[in-house]
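Note that the chains take the letters A, B and C in the order they are written out, and that residue 1 is the start of every chain.
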Amino acid sequence: MSEVLMEARNLVKDFPAGRHRAVHAVSDVSLELQEGKTLGLVGESGCGKSTLGRMLMHLIPPDSGEILIRGTPVTWLSDADFMKYRRMLQMVFQDPYASLNPRMSVRSLIAEPLETYRLHESRQETTRHVLELMSTVGLPEEFLHRYPHQFSGGQRQRIAIARALAPDPDLIICDEPVSALDVSVQNQILNLLKSLQQSRGLAFLFISHDLSVVRFISDRTAVMYLGKICETGPTEDVFREPLHPYTRFLTASVPMPDPHRRQERPKMAAGEMPSPISPPAGCRFHPRCPYAMPECSRTEPKLRRCGERQVACHLEK
Amino acid sequence: MLRKKEKQIVSDFEHRKADPAGPSEISEAYDLGEAETFGKLMLRMFRENKLSAVSLLVILLMILCTILAPVLTPYGETDMDLLNRLQPPSGDHWLGTDEGGRDVLTRLLYGSRVSLMVGIVPTLLSMVLGALLGVMAGYFGQWTDTVIMRLADIVLAFPSMLLAMVIMYTLGGGLFNVFLTLTLMNWGSVARIARSETLRLKKSEFVEAARSIGVSKWKIIFRHILPNCLPTLIVLFTLNVPAAILTESSLSFLGLGIQPPGASWGLMVNTGRQFLYNAPWLSFVPSAAIMVAVLSFNFLGDGLRDVLDPRLRKQ
Amino acid sequence: MKEALIQKEVLILDGLCAGFPARRGEVRVLDHVSLSVPKGKITGLVGESGCGKSMTARAVMNLIRHPGRVTGGRILLEGRDLLSMRKKERRMLQGREMAMIFQDPMSSLNPVMKVGKQVDEAVLVHEHVTHAEAKRRTLEMLEAAGVPDPERRYHSYPHQLSGGLRQRIMIAMAMVCRPKLLIADEPTTALDVTVEAQILDLMKEMSAKGTAVLLISHNLGAIARVCDDVSVMYAGKIVEQADICTLFDRPRHPYTRGLLSAVSSLRDGSEVLSVIPGHVPNLARLPAGCSFSPRCSCRGKECMEKTPEMREISPGHRIRCLWEEPGKKPGEKELETEGLAAE
């Protein structure tokens, strides 16, 4: 088994929402990111997956819990002290239309991380590196002085990826990097990410609501529901034989691009994810779960290990 | 294995370059082959926005006239000619004379010195001060925000004319003190607007992206936030210039700004008011000058805002 | 014969063209779009962003933003030509005989008005009924749209509801006057998968009750799940039209094939995903000949010169492509992949 690059232990984050109330965005989440591997994090919108990504990225501090990078706790480091770890972590955001400053050219966008970490002495060297990065992500050189609005979504996401690659990081946190893109372009970006990972030995935390995308790119998958992880394991196992009822529900909900398999979908729990302001007691999925037992509304199931997998459900013992 | 992949990548990339489907989809015809210099920017403005280009010319012309005033007219700024009081426009006096027999055109040219300076200098100063303080308040939040914004509130809540009078009264008249007064009067509203823009931009994904890279606070402020506040600030600037010209005239009217027989457009409008029936040109001419200046600044502002925004480059 | 057709087809688009004025001439965003939406069925319109699928919906609903406008063709709602109608007449049809739901239910609802009242309003605008009657109809419709506890939800404000519930409210609002045609523009794109499935089922239910539905989506999975017929759009033109099974089993246009293999390669566990090289072209500078030719894996010389017309290759299956057997033409090029895709 490979080395652990980053580890999160019992992370908790609540956001205040009016008087005496809080959005319990992330409650007691632990996970491990291994060197050179991809962990997929799936869940519906509002399940706390983006908040988790931003905490790992040191963009928002957790309320409690700990983050370790190669065994060193970094949770409470100041921004200045965190700088030496920052180079190792980079992030690609969901919306390539919003994550690039519209007033900066491609050159200055990609050069920004290089200048921030003072990787080069001269402007020429920086520009050469920028061009190198552009060719790595498949952007022609003549785009150097263009501005983000002149590009399509896919090309913008390539710019964002080039920026993330610039300081030669060990881990890239991708927050829904392809959900704003069209299918054919989405596949181009996914192929790019996968080949970058193989050629550079990168680790990814791949946050997405799209199960098929996660299935393609991840080595391991964690499923999140209402601020908690309900199942983790090797991707193929999780998708082929989901243990948690929510994972089963989720995988069955994905519409298949095949009109002959319309009827195959099992009828399952209706309704939607409850508000994270007042999550249900006991197992957080029990109000929608078709297998709910009386125990489920009383005690919260712990994340239990079974083989390479972990699942939080009273049914799996 | 990796080598091979990289080769593949390179050849793919080169292949793509030749592929018409690649670069052709770039949506702009505009050639941005290299970084743009200031001269090119101005040239582009002339091409794309004729009105603001004309406005820029008008403003430059006004400034030129101001500098060349002594050469352009045979009369002095305060030369009185009591025999020729309140003369209508004629061959000798193109724009007539005022109640002291002074040539209106001459006074208009000399007055534009004060008025244009009063319009531009304190407005710029208050923009810089207000934008900096506002962005800082918005970005840092907490006590920085409280201190700066409460100060701004005080400035805004105080009746502005009274504030101006107090300052002018304690410091005395004169151009420099007018600048100071107008700057202190105006920075509050600029800070307000800069702060609200900053609060909006602070939440945007590209600022978050910059933070995730580890860009320092000041760099984020100067590279990411301020340039994106620019459109709003430019509009505010074009609104504040005429306001400053008019405030100066009120101050002069109250005897706190420029003192007669010195000339400023505002002062000329005000003194001309008494002779509105007998000699309407006395207030009409400087009013027209103020209007032309104000309009020019407005159009120039619009043009600048568009030309500085890479998104609005014409296809 | 024609009469019979008109009876069954609720909406017929016949050679619909729309465009925006540009510096030189006009940018054509819809180029001779022809399709029909029959009663009791769901017709899908699929394509990538910017292909003109939303524009088609907007043209039917008279919602094209200035300066764009419809430049040609006919829009027939049960045989009546909408384009030759007077403005007022057309407006009265809107909402009553045809209704539309949008992608983002949050921005389509008034945030300061109770959702029940908003649905009431839809009734009151078109029918002379009392407020009590309107409310009764609203509650009935909310129930039918699967809103749990309609009495309580009637008094909610949009921000108090989840995305799925909001979209249900939008559907209730569209359906409350029992329109003959419902246009759904990406109704599930903003929703989570588990909710998407529920909303798609609801649309299916609505069509089973006799409404003609035009479902616009970029999601082939959603289309496959509920549609009866599908039209595929590319760069303002319809490139392939067929019933759902034919389209998914025997796609003939290279673009459709590319899209389908892009989606299915995500699922079948392949190491490298199949892609369509390049990007959607700018409508202002379409390539000569077939618009898809620069990205096409089986283009020939002819494709860059001659613009293909829509032709029927088997009953009900139409394509806009020159080749008889795409992919089997001698001298074809290898499928090009872009960037790092090919390995």
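We adopt the following convention: contacts are C-beta pairs under 8 Å (C-beta built on N, C-alpha and C of every residue); 3 or more make two chains touch, one makes a residue touch a chain.
Worth saying up front: this structure is predicted, and the values here are computed from it rather than measured.
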Expressed in steps between touching chains, what is the minimal separation of subunit A and subunit B?
1
As a test of understanding: of all chains, whose mean C-alpha position lies farthest from that of subunit C?
B
Measuring centre to centre with CA averages, how many angstrom lie between subunit A and subunit B?
46
Separation of subunit B from subunit C, taking each centre as the mean of its C-alpha atoms, in whole Å
48
Suppose each chain is reduced to the average of its Cα coordinates; what separation in Å results between subunit A and subunit C?
31
What parts of subunit B, by residue number, touch at least two of the other chains?
5, 9, 12-13, 16, 22, 25, 27
Which subunit C residues reach two or more other chains?
279-280, 337-341, 343
Junction residues of subunit A - those touching two or more other chains
138, 152, 195
Considering the complex alone, what residue numbers of subunit A touch subunit C?
44-45, 137-138, 152-155, 158, 182-188, 190-192, 194-196, 209, 211-213, 215-216, 249-250, 253-260, 262, 265, 270-273, 275
Give every residue of subunit C touching subunit A within the complex, in rising order.
48-49, 148, 162-165, 192-198, 200, 218-225, 227, 244-245, 248, 258-260, 262-267, 269, 272-276, 279-280, 337-341, 343
Considering only the defined contacts, which subunit B positions touch subunit A in the complex?
2, 5-6, 9-10, 12-13, 16-17, 22-23, 25-28, 32-35, 204-206, 208-216, 219, 223-224, 227-228, 309-311, 313
Would you tell me which residues of subunit A are touching subunit B in their complex?
54, 57, 59, 79, 82-83, 86-87, 89-91, 93-95, 98-105, 107, 112-113, 116-117, 135-136, 138, 140, 142-143, 145-147, 149-152, 160, 163, 167, 195, 198-199
